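Two complexes come next, and they have one chain in common, subunit A, joined by subunit B in the first and subunit C in the second.
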Partner chain A sequence: MGRVRSSKSFFLMLAFLMVVVAGLAGCSENSSGESGGDGKWAGQTIKVQMIGDFAMEDSTDPITGEKTKGVHVLKEEFEKQHPGAKVEFILMPWEGYTEKTQAMLTSGEADVYQMPGVADFAPQGVLEPLAPYIEKDEDFNLDIFIENQVEGWKALGPDSDELKIYGLPFLGDARFIAYDKKLFDQWGVDYLSDHPTMDEVAEKAKKMTGKNPETGEQNYGIWFRGDWSSAFTLIDTAEGQNGRWGTGFAWDEIKFEFNSKEMVNGLNWLLDMQDYAPKGLVSNQGSENWMTKDNNIAIMLNQGPGDTVKPAYAQGLEDRIGIAQEFKNDEGRGGLFAGSPVAIAKDSKHKDLAWEWLKFATSDFAQKYVFEEMGLVPSVNSALEWDSVKEQDLMLPVFDAMKTPWTPRYPWGSAQPRFILTSEIESALTGKRDAQAALDKAQKESTEWLENR
Partner chain B sequence: MAKDSLDINVGPGAKSHANRDVQSIKQKKRKSQLTWYIFLIPSFLGILLFMAYPIFESLRLSFYQSNGTIENFTGLDNFKTVLTSGPFWNSVWNTFFIGIFQIIITIPLGFIFASLINSTPKGQNFFKVIYFLPNVTSIVAAAMIFAFVLHPEMGIVNYLLDAAGLPTPSWLSEPSTAKWGVILLAVWHWIGFVIIICLANLQAISPEMYEAAKIDGASGLQQWLFITIPNMAGTFAFLLITGWIGAMQRFNEVYVLGGPNGSPARSIQTMGAFIYERGFTGFEFGIASAATYIMFVIILIFTFLNLKISNMKL
Partner chain C sequence: MKTTMSHKKMERISTWFKFIILLVFGALLIAPFVWMISVGFDKTANVTMPFPPKLIPEQISGFNYGIVFENGRLIQSYMNSAIVTVSSVLISVSASLMAGYAFSKGTFKGKKFLFILVLCTLMIPMEPRLIPLYKLFNSVDLLNTFWPLILPPIINGMLIFLCKQFFDQLPDTLREAAQIDGAGEFKIFFKVYFPLSGPIAATMVILAFIWSWNDFMWPLVVLNDQELHTVPLYLASFSLENGTSLGGLTMALATVSILPIVVVYLFLQRYIIQSIALSGVKGE
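Right, the complex of A and B next:
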C-alpha cells in the first residue's frame, strides 16, 4: 500500500514538474533569439512592435476578400538585407494600444515601436532621439517623406524645450471630407470643390436633405461622428475660420482657446448641421448605409483613408466616392495630423540594428507592403509613382490631405482636455447647454486640469 | 496464534515498532500534504502576482502623480482631486442610478417569471434555457447588439414603440434615455441568473406547507404571498448583494456603448469607466488608483448596509 502511495505521489510530482517545465519553456525567450548566423549583424536580434491588423502568416483580408501576405515577408527581406540579424514581431490590435505600449516600454519588451503617441512617450525619456543617426547615415535622407510628415511627428524630449525627431513616418494618415457623387447627381447639386468652405458644405448639405427626387427615399445632407472624434471635427471648423485650439506643446506652455469666437462659431455650425443629419450622431449611429450601394448620406465630415479608400474599392464604389479637403486656414493648414511613426526604445540593446529597421520600414519595399498588402497609406513621396497607387485615384487627394494638416499634432489629443472638450460638444449636441456655455465649461475645466496636473 | 500476536504487540519491541508505524503514517501524511501544497503553488503565485501585488501597488500609486515611468509623491492630492471632481461624482451617480434600477426591476421580475415557470407543468426546461441564454452571452457582444436594438431609426425597440403609437426616443443619443438603454440591457442580461436562483429556492420550499395552506383554504395568491415570498428572503438577500457589487463594478457594457467617457455627455460613465478614462487613456495612474480606492470604500459601505438591511449572515 505504501509503495502504491509513494509511486502515486511520485507520478503526481512528475506530472507537476512536467507542467512547470512546459510552462517555463513557454514563457522563456525564443531559444533562437540570440543565436543568429554569420554576417555583419550576427548574434543580434531586434523585437519590433507593430499595431493594427498585421498578421505573421498569410491570411484573407476581411474587407477585400483577397489573400494578404503576413509580416513574415518583411522579416525575410530584412534578414536577407542584414546578414546574421534576426527580427521578432510583437503584433497588437489598435484596441488599447497606448496602455499596452506604455507597459511594454516600462518592461523593455521591444527595440522598435510603432508609435502614434510619440508626443506622450518622448517626454518620458523612453525613446532614442534620432538626429544623431540621421546625421551620420549618408544613405538616408529625410526628403523621401511626404511633406509635413517628419515635422508632424516631432516631439519634446525629457529635458528639451525644442521639438526633435523621435520617430520616422511609417504609416501615413489624414482626415478629409468624403461625399457620394451619386447622391449629388440625383439632387442636381455640384460636387464639393477641392477645398470647400463651411458655407459651401452647409448649403449643399441643406439642399440634399429630404426625399431624394429620383428614388423617393429619405436622404441626409451630412454626417459626422458626434462622440469620439468630435473634438477634432470642431477644431477643424475653427481652423477653417483662421482660429486654433490654442498654443504651446509642452504642458507648462499650453494655453487653450476652446471658447474662442471661432470655436463657438464652429460648434454653432455643427449644431446647425445636426438638422441635416440622421438621428444618432452622438452615439455614432445613423451612417450604417455609408459605403454601401444603399447609401443615404451626401457628405461625411472628418473621414480617414482606412474608412474610405479600401472599402470603396472593395465595394466597387470607387467612382461614386469623392474626396475634398478639410477646412483649412488662409495659410492652407488645417485638420488632424495622424498616422504612425516608428521609434527606437531608449533601452534597446541593438540600437544600430533598430535604426536599420527604421530605414527598412520607410523603404519602398516595406512601404509597398503596407499599401499593397494591408491597404494602409504610405508615408513616402515615391508612392506617387507606384502603379498600385496610380490605379487608385482616391489616393491622390489623400496624399494632398497629408501635406497640409495642423502640425505639430494636437499635444492634448490623448489627454484629459480631449475628453472634457468631447463631453461638452456632446452636451451642446444633445441640447444640455448652448455652444458658448459648453465651450466656456470646457475651457475652464481644461485649464484647471492643466494647472493641477 | 491470536494470543501470540497479542503478546508480540504488547511487548516493548512492539511499542517502538508501533511508534515507528505512527511516525511513518505522520510522515506519509506530511509528504502527501506537501505534494498537494506544491500543486497549489501556481494558484498562490497567481493570487500574489495578479491580485495581492496590484492591490498594494495601486495603493502606493494613489499617493503619486504617475504616468507609469515618471513618478512624483503628492500625498493625498489625488484623493482630493477625485473627491472634488464633478465628473467623478457624476460617474458615482450614474453607477448608482443604473445599478438601483437594474436591481429593483430585475429581482421582482425574475422572481415573478421564476414563479410562473415553477407553476408550469410542461416546458420548464425550455423556459429555463430561454431565459438563461442572455446570461451566458458575453456582455460585450450583447452591448454591441443592443446598440442596434436601440438604434433611433432602425432599432426594433423603436419599431415596436412606433407600432404601438408611442413616442420613439433617441436612446443612446440622449443623456436622459441613454441610462435607460443601459438599464434595459442590464436587466435583459441578468434576469436569467435571477430566475435560475429563484427557481432553485422555489423548488426547495417544502410542499407540505402548501398542502397545509390548501387545507386551511388559502388561495393561490395567498400561498404565494404568505408562504413563497417569506421563504425566498435569503435568495433575495443573496441577489441583492451580488447584484449590487456587480452593478458598482459596471464597466464593459458602458464602455462598448459610450466609450471611456460614457457618451453622450458622460451620461453613462460609471466609476469603472472613470477609472479607465483617467488611467488608461490619460496616463493618470495616480488619479485612477485613488478613484479605485474610493470606489472600494463606496462598495464596502454599501455592501455592509445591504447586509444589515437584508439581515444576511456571512
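Right, the complex of A and C next:
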C-alpha cells in the first residue's frame, strides 16, 4: 500500500511541477513587439547581436576592477539619435558564436550581426552587400577607418568572384611582438626596433637566455605559443621573408604553399628559437610569469592587445612593456588580420535602420564606448586623437599593427587547414618530424581536404 | 600468543598502510578542487594564473566573488538552470522509465526495430541536429523560452536503454501474477515495477541532472535574452576571444556553479552505487 501511495504522490507531485514549469517556461517568452512612439523611425525595431563580455547592465571589469557601463548606453544614445526607433540586443559569449550565428541567420533572428566569420557567411547569401548603402549615404565615408581595416573584412558573395564589403570594421585587433624593457636593461641589450627582423629577434633572444646578470635568475629570450596560434606565428615568419601562405580566397581557388622555402625556413627558425624558450611551448606553458613583476621572458611573439595592453596597465607594468611590429615583407605587409566587423542580415525587415546602426557602431560615440568601457580596440582613425587613447602609450603601436596585416584575412584561418598546419608545427616542435617533413605533410593533407570538401 | 600479537600488529600496519595510500590518492583527487577554490580568491589570477600553484593566494580577496554575484545575474541564471533542470529531469526520467518498461516487458509489433531506432539517437551528436531543431522550435514560436530545453530530452536513448536493461532483470512472473489479478499494463507498471525502480531512477536523475545542468551549446543557441541564460551561459559570458580566460573569476564561478551538482550527488550517491550493483552498468 505504501508503495502505491508513494507512486500516486509522485505523479501528483510531477503533475503539479509540470503545471508550475509550464507557467514559468511560458512566462519566459520574450516580448519583442514593434515600438510605438513618433519620429522618423517610428514602429521600427532592430535586433542587434553582439559577441563578447558585453552586458546590458553596468558591471565591474574583472581585470581593472573599474565600473563599466552596460550596452544600455548604446541603446539610449541610438534611440535618442533615431526618434521612434527601438534597439534590442542579443548578447552572447565568444564560445559557440559560430553555431549560434548560423542558427540565428537561418531563421532571421537578428537584423545586425557582429561577424568575425563574415568570409564564411557572405558566400551563403545571408548578408546584405554594403556598397549601395555606402554610395547612397553622403554622411558616411570609409576614410574614417584605420587603414587596411575595410580591406581586411571584404568577402566573396554567393554569385561573385570579386571581394565586396559585407561588414564595416567594428572592433579592431592586431598581433605584434611584445617585450620586457626591464629585462633588456638588465642584460644591457638594445630594445627591439619598431620593425625587427627575424635575425634581430633571434640575436637578442639568444643574448638574454641564461642567468640574469643582475638578479641571477634564469631568463629566457623568447616565447611563443606552440599550439593554438602557432600556424599564424609560422605564416608571419614566412611573410617576413617575402613568402606567403598561398593564394586565392574562394575555396575552389585556394592554393596552399605551406611547404614553400620560406615556410620551411620559418619553421626551422621557430625550432631554433625553442632553444631560447622555456620548455612547454606546445602545451602553452612556460610564460606563467609574463605580465607579472617576476617576468623571466624577454620577447613574446604573436601577442594581441587583449592580453597585453589592458593587463599591463592593470598591473602597473605599462612602462616596462614595449611593442614592436610583427615580421613584414618588403611591401610592409605581414601578420594576422583580426577583429570583428558588423553586418546586416539579408532578410532584415528594417535594413535602413540597420544601416543607421552600422554607422552608429562605427561612430566616435560607440567606438569610445568599446575602448573606454570595454577595453576593446577601436577601428577608427579618430581614436588617435582621443585623450583616453593618448593616456595609453601602448595603444599607438597597436594601431600601427592594425594597418599592415595580410589582407584579406587568411580565408582558411578558422577551417581545417589551420588545424592541420598547427598539428604539424606541434609535430616539429616535439621532435616527431623535421620542418620539411612536417610542412610537406601539412601541404598534402590541406590540399586533400580542399579537394574533398 | 606471540604469533597472535604479531598477526594483530601486521593487521594494524596493513590498515595504516591502506589508510595512508587512500589519503594520498584522496589528496591528489581533491587537489584540483582546492586549487580551484584558492584561485577564486585571487584577483591577480585574472591577469596571470599563479605559478607555481599556491594553496593560499598571496592577497586573499573576495573581488571575484563580488563580480560573480554582481547584478543578481548569477542568482537569475541559477533559477533558470533550476527550472530547466528540474523540469527536464522529471520529464526525461518519467518518460524513459515508461519507455524502458515497454521495451522490456511489452509485447508489440516492431518492438526491436523501435528500440534500435531509439539506440540510433545515441549515435547522432548535437551539432547536426542543431539547425533542424532550431528551425522546428522557431516554427512553433518557442525560441527564447525554456521549452526547447525541456522538451527534447523526452526521448533520451541512453536513459531508455538503462531502464530497459534494469527492467530486463526483474522477473516477468511479477507481471504475469498481476495480469492474473486483472491488472492492466499501466497498473502493472505503476503498482508493481515502478516501486522497484528506485535505484535506476536515482541513477537516471543524477545523469539527467548533470547533462541538463552542464548543457551549453543548445541553450546558447535557443536563448537570446541574457535574463534567461542558464549557469553555463553565464559562466561563458566571461570568456575572452583570444582563447585566454579570466582565471580568478572563472574559478570563482566554477566553484559556485558546481555546488548544486555536488549537493545532489552527495544526497544520491548511495543509490547510484546500488543501481550499478543491480543493473550491471559497470562496463563488464
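Following the convention adopted for this analysis, the second predicted complex is superposed on the first by the 421 of 453 C-alpha atoms of A that agree within 3 Å, B and C clash if a C-alpha of one lies under 4 Å from a C-alpha of the other, contacts with A are read in each partner's own complex, and residues count from 1 in each chain.
Heads up, the rule we're going with is that a residue touches a chain if its C-beta (ideal position, glycine included) is under 8 Å from a C-beta of that chain, and two chains touch if they have at least 3 such contacts.
Predicted model only: the values in this text are computed from it and were never measured.
Of the two partner chains, subunit C is the only one that A:306 touches; subunit B does not reach it. In the superposed pair of complexes, A:396 makes contact with neither subunit B nor subunit C.
Legend: residue contacts after superposition of the two complexes on their common chain; A:131 is shown touching neither subunit B nor subunit C. Touched residues of subunit A, counted separately for subunit B and subunit C, are more numerous for C. Residue contacts after overlaying the shared chain place A:228 against subunit B and subunit C alike.
In the superposed model, A:99 lies in contact with both subunit B and subunit C. Legend: residue contacts after superposition of the two complexes on their common chain; A:315 is shown touching subunit C, with no touch to subunit B. When the two complexes are overlaid on their common chain A, residue A:384 makes contact with neither subunit B nor subunit C.
By the touch criterion stated above, A:288 is placed in contact with subunit B and with subunit C alike. The intersection of subunit A residues touching subunit B with those touching subunit C, taken from the two complexes, comprises 96, 99, 102-103, 106, 228, 288. Within the complex formed with subunit A, the residues of subunit C that make contact are 43-44, 46-49, 51, 63-64, 66-67, 70-71, 73, 83, 86-87, 90-91, 94, 127, 130-131, 134-135, 138, 142-147, 150, 190-191, 194-195, 216-217, 220-221, 224-226, 228, 233, 236-244, 246, 248-249. On the subunit A side of its complex with subunit C, the touching residues are 3-4, 6-7, 11, 14, 17-18, 21, 24-26, 28-30, 51-53, 55-60, 62-63, 65, 90-96, 99-100, 102-103, 106-107, 109, 173, 228-229, 288-292, 304, 306-307, 311, 314-315. Across the complex, subunit A is touched by residues 24, 28, 31-32, 35, 38-39, 65, 67-70, 81, 86-87, 147, 151-154, 170-175, 178, 257-261, 263-266, 277-278, 280-284 of subunit B.
Of all residues in subunit A, those touching subunit B in their complex are 2, 5, 9, 12-13, 16, 96, 98-99, 102-103, 105-106, 120, 124-126, 226-228, 278-283, 285-286, 288, 414-416, 419, 422-424, 426-427, 429-430, 432, 445, 452-453.
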